[in-house]
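Step one of this worksheet: look at the structure below.
The first chain written gets the first letter, and so on, giving A, B, C and D; residue counts start at 1 in each chain.
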């Protein structure tokens, strides 16, 4: 049986299963076995988040309008980061903002902390008014943001992108050109829920972001195309619910995967997936997930990729 | 009990339940009780469609890569249209193309047929290389297309839009400015499926379009925002599976709804929903679906709408 | 620190008037304290209920864990039809059991949480219960044979107002409006008051930030801070969400 | 014209070697002819199988409809565990029953379709069956006690080649590669040949265009044109999809 250990953007990982930003508070519940802990998105100023109701169940998924509730850069660095540093796994800190400068300030401060292995730039949160996602819908803005932030740290920068754009691979390419070391795909898909009794918007934020198995096909599509266009390493996230999903995400182009919404239902899932992976890899005739990465791109020469690339 | 009869873009309908384009062949299976029949998208030239496998099951949905298989304008008008005219319900013909001129030719020819009540312009199919969806991701192109086609017919033109864009309401607004009488929201969401055994792309077309209950939150979001921005009447489609869904879609801003993927599982669903609607409307204290249309927009003055509008 | 998750067999399901009692065979696993809650999901995963449901135990010990359910939607319906249930918990903070007399106030299915509390409270207990209709009140027998039961249009705050001031701690669970009224009454009479609150929850263990409630004047996670809170922590602001 | 959909009770479920026999109580509803198929879904809707599954009847009459299933995934697993099943059909075109001798060729679960055919064919029948392993071959007894059964690595085309040419019609069902081989053999000997084919289907009644197969040199809907087709209509092109 092969090993699950891998390396992602220069960070050594015991296995390829992480958590999605904003879907695990390791200070409240522990790491649940993830090989690297990804923090909830931190912004320059503290944010209370959106008023309740913040979550709605949907067919094989949920819509959330948390609204980037977080303690702000200052308190995060002073109070949270030192405790996160003691978790014993590499840290990936997610940052968000409303302008290039806000991101740059956060990246400089966070990137300077020795416990931080990499930074994730969230340019894709659907639950805030401007900022974040408006950067992430514009390739030029995304490129400029990455360039600006690259100047602030030696740590690898990952760009987390939204699938709710006309062509996510164009944004991914811009991120690559700006100096992103890797991509995180996908953030939630824009969605909305209506209260079945009052017929009013159910969520306090009005709209929200759809996650869970429902969006798995959307994630696979984004990963496949961004991989084809950029060749960057990818954290695959979006509806991953079992070891088999990890293989499918890897084949589409993800080097490692992150569990998000699935953790809410089962905090033991990371350990279950990690336990199941070696056997599943063996059944597929390979010894590591790396052997599967990008396999869907090498079909019948390159025919399929070309057919599909035309579609975007 | 109230009446289900309604009027949409000048077309009298016995009730508010239609079919989604490409999800019912009335010549093969009858109208199944829809109040107006929407055809599969017709293109200038015949199209064989994509190679198999064309469909994949996903959590609470499916991904298809049919690829606009259709007999082409000529055969459609000569062989299909006369038979469709005998169905006894208003016809809405969906047209697609690769250039403004192709759409214009189709609109002129189809719009001239006396049995055609309205035309739907599909600018949102994810399963063809260029054309269609590349128009529908660009507001200026969409406006120009509508303007060009308006010149060719007196019939109402409906624009069918894709949710896989950064801001569908901007495209909707452009369609409105170009002269669209109404909107059809949503077409499928870009997605992909991987064969669980070979880990290769499962669909012959590589990528495809996600539909079914999984995308319901995405449809509600698009309808809500396009309604807010354009005020145009809307055919709501995307995961509708029961009478309750019709009310939620109406509240978000749909005047009538269309059943798509749900028909594949249950061709009797139109009749079931139509039978259930009056009682459900009564439980909500209203007598027609019109009474519910747009209700989600009139919350606490206008506060919620404004909160949410900021999010896009 | 990671919450405990296990699969338990359903021992029995009984109608209790309009509500349903779901009793799980416990495997000797930890059950926590009255007021704590569990995230439950039918196993195998039910159709139409992607997320687990938050439920407070009606009572629990090494042998069994019981829940009183208001079966409203797909999730609870699947639970009362299941042969086994996946159970995450105990979660959150339960009631701090004060010495001395206790006044228990339950509204509707909020009463579900009280049987265990009645059993464990060290001092004398007075129980006040309010329900919509008689069929909901049937569960009063599970809680306290001597309970004062009122039906709408009478609110449970009426008998409570007659008892106050009192040298007692008030433990309340029920709809938000009732909790606010109870908290206001207790504040007026400077009577200590603990509220068991509800919010839409996706995870129950602090991961999703979905269960925000205005606590200490800020949106905080109910699953971490509560679900049982001192009334003073939530009364102050009065959130407008 | 709209396909008929009804809910039928499961009469019995039996293991037949590696396969499973699912017998539904028919309510006297229409059953069509051998080779037609039905879209089946467990009722209530199962978790993990959003679309119904296409299955050809193993046999059917006013009293019961039987299916022989290869339980591979969530949909078929839910069917064999269900108490009732929603059934759409009969759908598509079945076998045209030629007079005179018949040679039946079945490969793997493709044999599921043959019992009804054996029962209804007017002339003498020779049955050739090929399976992966003995446990799959157990179902041969349901089809024809005198069947010639081969196991891999022997292919069912071997005994067929020995029978041809013959003054008979060949009726074949099995994996694509087998059907192509059977069709090629029959074409070579100018023997009439009918193939029951499979394709991924979402609807079964012509609505989704998902079941495209190259028929008469074009992609056509198998659910409308087939699933039973004259071999000549599919042999010609040889699709590369």
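Annotations for the structure displayed:
In this text, a contact is a pair of C-beta atoms (placed from the backbone, for glycine too) under 8 Å apart; a residue touches a chain by one contact, two chains touch by 3 or more.
Note that the structure is a prediction, hence the values are computed from the model and not measured.
Set against the C-alpha centre of subunit A, every other chain centre is closer than that of D.
The busiest chain interface, judged by C-beta pairs in contact, is A-B. If each chain is reduced to the centroid of its CA atoms, subunit A and subunit D end up 45 Å from each other. In terms of their C-alpha centroids, the spacing between subunit A and subunit B amounts to 31 Å.
Distance between chain centres (mean CA atoms), subunit C to subunit D: 55 Å. Looking at subunit B, residues 56, 58-61, 212-213 sit in touch with two or more other chains.
Residue numbers of subunit D whose C-beta contacts span two or more other chains: 48.
Contact topology of the protein chains: cyclic, one closed ring where each chain has exactly two touching partners. Pairwise, the chains that make contact are A-B, A-C, B-D, C-D. Residue ranges on subunit A touching subunit B, taken from their complex, read 56, 58-61, 63, 126-130, 137, 163-167, 189-194, 196, 199-201, 205-208, 210, 212-218, 220-221, 224-225, 239, 244, 247-248, 251-252, 284, 292, 295-296, 299, 304-305, 307-312. Of all the residues in subunit D, the ones that touch subunit C in their complex are 44-48.
Those residues of subunit C that touch subunit A in the complex are listed here as 1-3, 5, 41, 48-52, 86, 88, 199-203, 205-213, 218-219, 224, 239-241.
The residues of subunit B lying in touch with subunit D in their complex are 22-25, 28-30, 32, 40, 48-49, 51-62, 64, 66, 69, 204, 212-213, 261, 263-268.
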